[in-house]
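Here come two complexes built around chain A, the first alongside chain B, the second alongside chain C.
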Partner chain A sequence: MVAPTIIGLLVLNYYPLIQTIILSFSKTKTFGAMEFNGLNNYIDMFQSPEFWKATWNTILFCILTVPVGIILALLVAILLNAKVKFKGGFRAIYFLPMVCAPAAIAMVWRWMFNGEYGIINAILGVKINWLTNPQTAIIACAIVAIWSSIGYDAVLLLSGLQGISKSYYEAARIDGAGRIKQFFSITLPMISPTLFVTLIMRMMASLKVYDLIYMMVDQSNPVLPDVQSLMYLFYREAFVAGNKGYASAIVVWTILLIGIVTVVQFIGQKKWVNYDV
Partner chain B sequence: MKQKSIKGSRNVATILTYVFLILGSAIMIFPFLWMILTSLKSLAESTQIPPTIFPAVPYFSNFADALTSLPFANLYVNTILMVLARVICAIVFSSMAGYAFAKLNFKGKNLLFTLILVQMMMPSQIFVIPQYEMLASVSMTESIFALVFPGLVSAFGTFFLRQAYLGIPNEIGEAAYLDGCNQWQAFTKVMLPLTGTSVAALTIFTAVFAYADLMWPLVVNTDINLMTLSSGLATLKGQFMTNYPVLMAGSLFAMVPMLILYLIFQRQFIEGIALTGGK
Partner chain C sequence: MKHIKRAALLLATVAMLFSMTACSNNPASGSDGKLTMQIWDNSQREAMQALADAYHEINPDVTIEVQVTSWDEYWTKLEAAAGSKNLPDIFWMHTNYILLYADSGMLADVTDLYDDDTYSHYSDVSIANTQGSDGRMYAVPKDKDTVCLVYNKEMFDQAGVSYPDENWTWDDLVDASQKIYDATGKYGYMAYCDEQLGYWNFVYQNGGYILNDDKTAAGFDQPATIDAMKFYIGLQDNEWCPDQTYFAETAPGNAFFSGQGAMFFEGTWNLLYEMKNYPEMQGKWDVAVLPKCPNPVSGDGRATISNGLGYATASYNQDNETVMDFLKWLGTEEAQQIHSSYGAAISGYEGTEQAWVDAFDQFDYRLNVEACIDMFDYSVQSVNDATRPNWKSKVNDEILKIYGGQLSVDEGLANCNTIINEAIAEG
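For the complex of A and B:
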């Protein structure tokens, strides 16, 4: 009964995994033929400013989106966990971006961030070329990413919050602890395992970001080098430029990066995640 | 006196809660509203300074333009077929494997389950180039099958449904044997129906992510008639660079199917995602 799944995994995932690693040590020749060329792809990659810029963009995107996104999601989750009317409606509204294709979402945000006619400039009374200015393009992408992920993360955190017994809060109230004190000594420690899972998941997703930036910033946009993520660079190298070997080296590097960040998170969690509940 | 001030501060907190939630909701909804409003404006009106909020006269030809520049009928069919096929594959194969991993003993079980866990930790991009090469080598790119290909089996689904089967007491399976069921009947007639909630959650999870996928459909099918809604929209962007009213109309067409499903099954969507969460 496990045969279809296992055969599928071997053909669709494990064989490609090995192929990608082999490819990263190979050179693409005409007609898709491959030739072993040792570490050359990696040497080229580490000497490429475009590659380092993309690595930095990816990390910067992660820094811009993850902390703010998680804090806002936690805030929304806490507010939704309070006694509010129309709770289901609010939850449904915050969750909305999750069921819309990122391609469609990016399209309307491109329009809203438009430098000449965009509504965002009109509301703020400024004239910023959000998506054609190297400094602001990644910020605009980060805002869209945060907007898209709040509802999803809030739903995950909300399910964690609902698991906290009300009796803790009653006891705290009898002891005279205020709301802020209650948050730091009850809510935060009790929700830390859920928070940790959400954080890991969100970090992995933002290190792999591709579709949003691809839709927001065209390949012909001059700011591309200042916003392109590793996966965007990977896509262009593999399927636009046809350098499959070099692209494989990029994807191997990205996976190492994700692996390192995840391991660091797992080591760091011992300091703040509370499992003795 | 003190009682009153506590009550007062609670009222302030409640008001602040509503203010924040409503303000947040406005920010969440505004882009969708703006999409609809823009799609009803003429190009000239959409580029007016200062911008108008509501279209002076609703202008419907943007929808006609979007429909003539993209074969939406094909995109809908392709997307539905891809999502449906991936969902069916995920449910059938993951139910079988999930049941086996949870309830049966066989040789190499732990090793095989490790294969599942390791796959779940790897980002899908690492598989993309070889998956594409495999299809290309047998000339199977540019097809509906190609869209479905990476989703033929689901490691996550297997893991997730295994959890569901672990939650069912063994006695239920044993009772089925005593009643004369064989292994397969015990699975299909007794155990499978008990995992309904998890199967529903997996269905939603698989559908939402298949529908959102952009890189794979973009890479594997370059023929416009074989694209999905997502990759088709990316192409429309290239055609109508700055004609945002048409782009908004196209985006609305692309969003509508999932939005309708969401409006109907809103609770199942949110709870399903919360259940599968942590992927």
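For the complex of A and C:
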């Protein structure tokens, strides 16, 4: 009965993966023609400053979005778990960004960040060219990424929070533990498996970021090199410049990068994730 | 249980194989009387539908479905479709790509489509825009365009500057921009990073070139090209011109139609759309011929980039009578007349320009669109060669670096020259 899933995986995931790896060792020409090219794509890639810049941008984006995003999501989850009125309404509101199309989100934020006519500058009373200044462009993208991911992460964490038995808190209260102490001694350890999963997923999504940056920073924007992520660079190489072999090498590198980060996280989890209930 | 599993697996595999062969075995398109026509410009959908309907009127057993995709997606899709021999029956071709497609043998040869002299009714530029490197025709000319100067009349009035006319030079452009900025605080001529609607025009007016005549070398090392590029890029140093970071957020057309700037270069294919889309601006703006270069290195200082699209079909449709007959009809005077009358694009067929001009009579304020037609006399074919898709975005990146101050103009243009020459050498 697992056959449909396995066939789906084989055809839609593993076959393209193998093809991509083959492609990364090839020189491609238009309309699907290609010839074996050895390691040349990789040599070109590792010598390209644009590539290293994109790798750094991707990692920076990850650093900017993941910790802040997860902490905020946890905060929201705790608030939504508390006894507040209109809890259902708040949950829906926080989850809404997840329902919106990323492209639509990016379009709206792009106008809000507009240096001349944007609402953000109008409210802050400053004149920052958010999306055209190399220092702020990636921060602006990170803000939108965090905003759109909080709801989803919060719902995941909320389900974790709801799995914690009330009796732990009652016992802690009798022993005289305060709110803060309760959070660090009960909530955090109990929720750590969910937190770990959320972290892994958010990290992968951040390393693969493309659509958001593509919509916020278009190709006529001079700051492009300072915000271009690996997947954006891949898109430009594969579909704008038509260099699919080289683009595949970028993909393979990104897979390796995600793999390494994930393995490190799995090793690191032993130190902080608590599986004994 | 095991048998069921195996049967399911077998079934799924067979189904997959079947669907794969279905992809690669293109059934003779049009055999059921249904053709698809793929285009990228939504504002021309109406005109294309009118053509489809008119053809259906003459040939009731053929129905043409018009499909629109966005410009970026169009080329990604088309390339994939070409690789798997699944191209739409009829599709638009652009000068940026026609040489690539034609030289790779993807397009049907339409040189001998007509028994009569139909092609002699198209200008040399129109014909050149639909030719492959071998000089054969791989698309039926659809339209032709020019680049014109769009200006805000109210701002000119406020600054007391007379409207642009055919005697205008680059100096007048700069002078008027300064006066308008001083009088109104609005931007003057908005010069931004763009090839067809920007620096190409200046380069060719100055007697320079981007590619030499036989398309074997780039021209970014030519003094005339470098001069014009320095002039054009340098315009952003003036207080009356926004810098490139502004344009990265606000397209010049948006800035113009929201009353932020007085002038920009626009392609003829957008004029009707802009009249319709900005009703409150009607009567406040007009079009003029491009200002000329006052002291060109060679030539008379006049040029405007003229591009043209074509209707093409896949090479495997070479003997498909349904497709070829529709294609043939699209190039006739009758079809081109219908096409022009919708006002979106100027038909390639000479003598049908008036229908395009007349389309602007529908508005209370009549744009001086004759100016756009006048420029065909000195229009220059849009720059293209077979490797253009490979160098286009890279050259653009270099020019952006010049705008961003990371490179000097000389360094940046030298890089552009190398990029193009290397692309040509690689083939």
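FYI, the second predicted complex is superposed on the first by the 266 of 277 C-alpha atoms of A that agree within 3 Å, B and C clash if a C-alpha of one lies under 4 Å from a C-alpha of the other, contacts with A are read in each partner's own complex, and residues count from 1 in each chain.
Everything that follows uses one rule, which is that a contact is a pair of C-beta atoms (placed from the backbone, for glycine too) under 8 Å apart; a residue touches a chain by one contact, two chains touch by 3 or more.
Bear in mind that the values here come from a model prediction, so they are computed numbers and not experimental data.
Superposition of the two structures on chain A leads chain B and chain C into a clash. In the superposition on chain A, contact of A:A241 is made with chain C only, not with chain B.
Touch criterion met: A:L131 reaches chain C, while chain B stays clear of it. Touched residues of chain A were counted for both chain B and chain C, and B has more of them. Contacts of A:N221 after superposition on the shared chain: chain C is touched, whereas chain B is not. By the touch criterion stated above, A:I119 is placed in contact with chain B alone, chain C being left untouched.
When both complexes are overlaid on chain A, the residue A:M1 reaches chain B and chain C alike. Once the two complexes are overlaid on chain A, the chain A residues touched by chain B in the first and by chain C in the second are 1, 4, 11, 32, 114, 116-117, 218, 239.
Considering their complex, residues 5, 8-9, 12-13, 16, 76, 79, 82-84, 100, 104, 106, 192-194, 244-250, 389-390, 393-394, 396-397, 400-401, 403-404 of chain C touch chain A. Only residues 1-2, 4-6, 8-17, 19-20, 23, 32, 75-76, 79-80, 82, 84, 88, 90-105, 107-109, 111-112, 114, 116-117, 119, 122, 147, 150-152, 155-156, 158-159, 179, 197-198, 201, 204, 208, 210-211, 214-215, 218, 231, 234-235, 238-239, 244, 247-248, 251-252, 254-255, 258 of chain A touch chain B when the two sit together in their complex. Of all residues in chain A, those touching chain C in their complex are 1, 3-4, 7, 11, 30-32, 110, 114-117, 129, 131-133, 217-224, 236, 239-243.
Of all residues in chain B, those touching chain A in their complex are 13-14, 17-18, 20-21, 24-25, 27-29, 31-32, 34-35, 38, 46-51, 93-94, 96-97, 99-101, 104, 106, 112, 115-116, 119, 122-123, 125-134, 136, 149-150, 152-155, 158, 187, 208, 211-212, 214-215, 218-219, 229-231, 233-234, 237-238, 244, 247-248, 250-252, 254-255, 258-259, 261-262, 266-267, 269-270, 273-274, 277-279.
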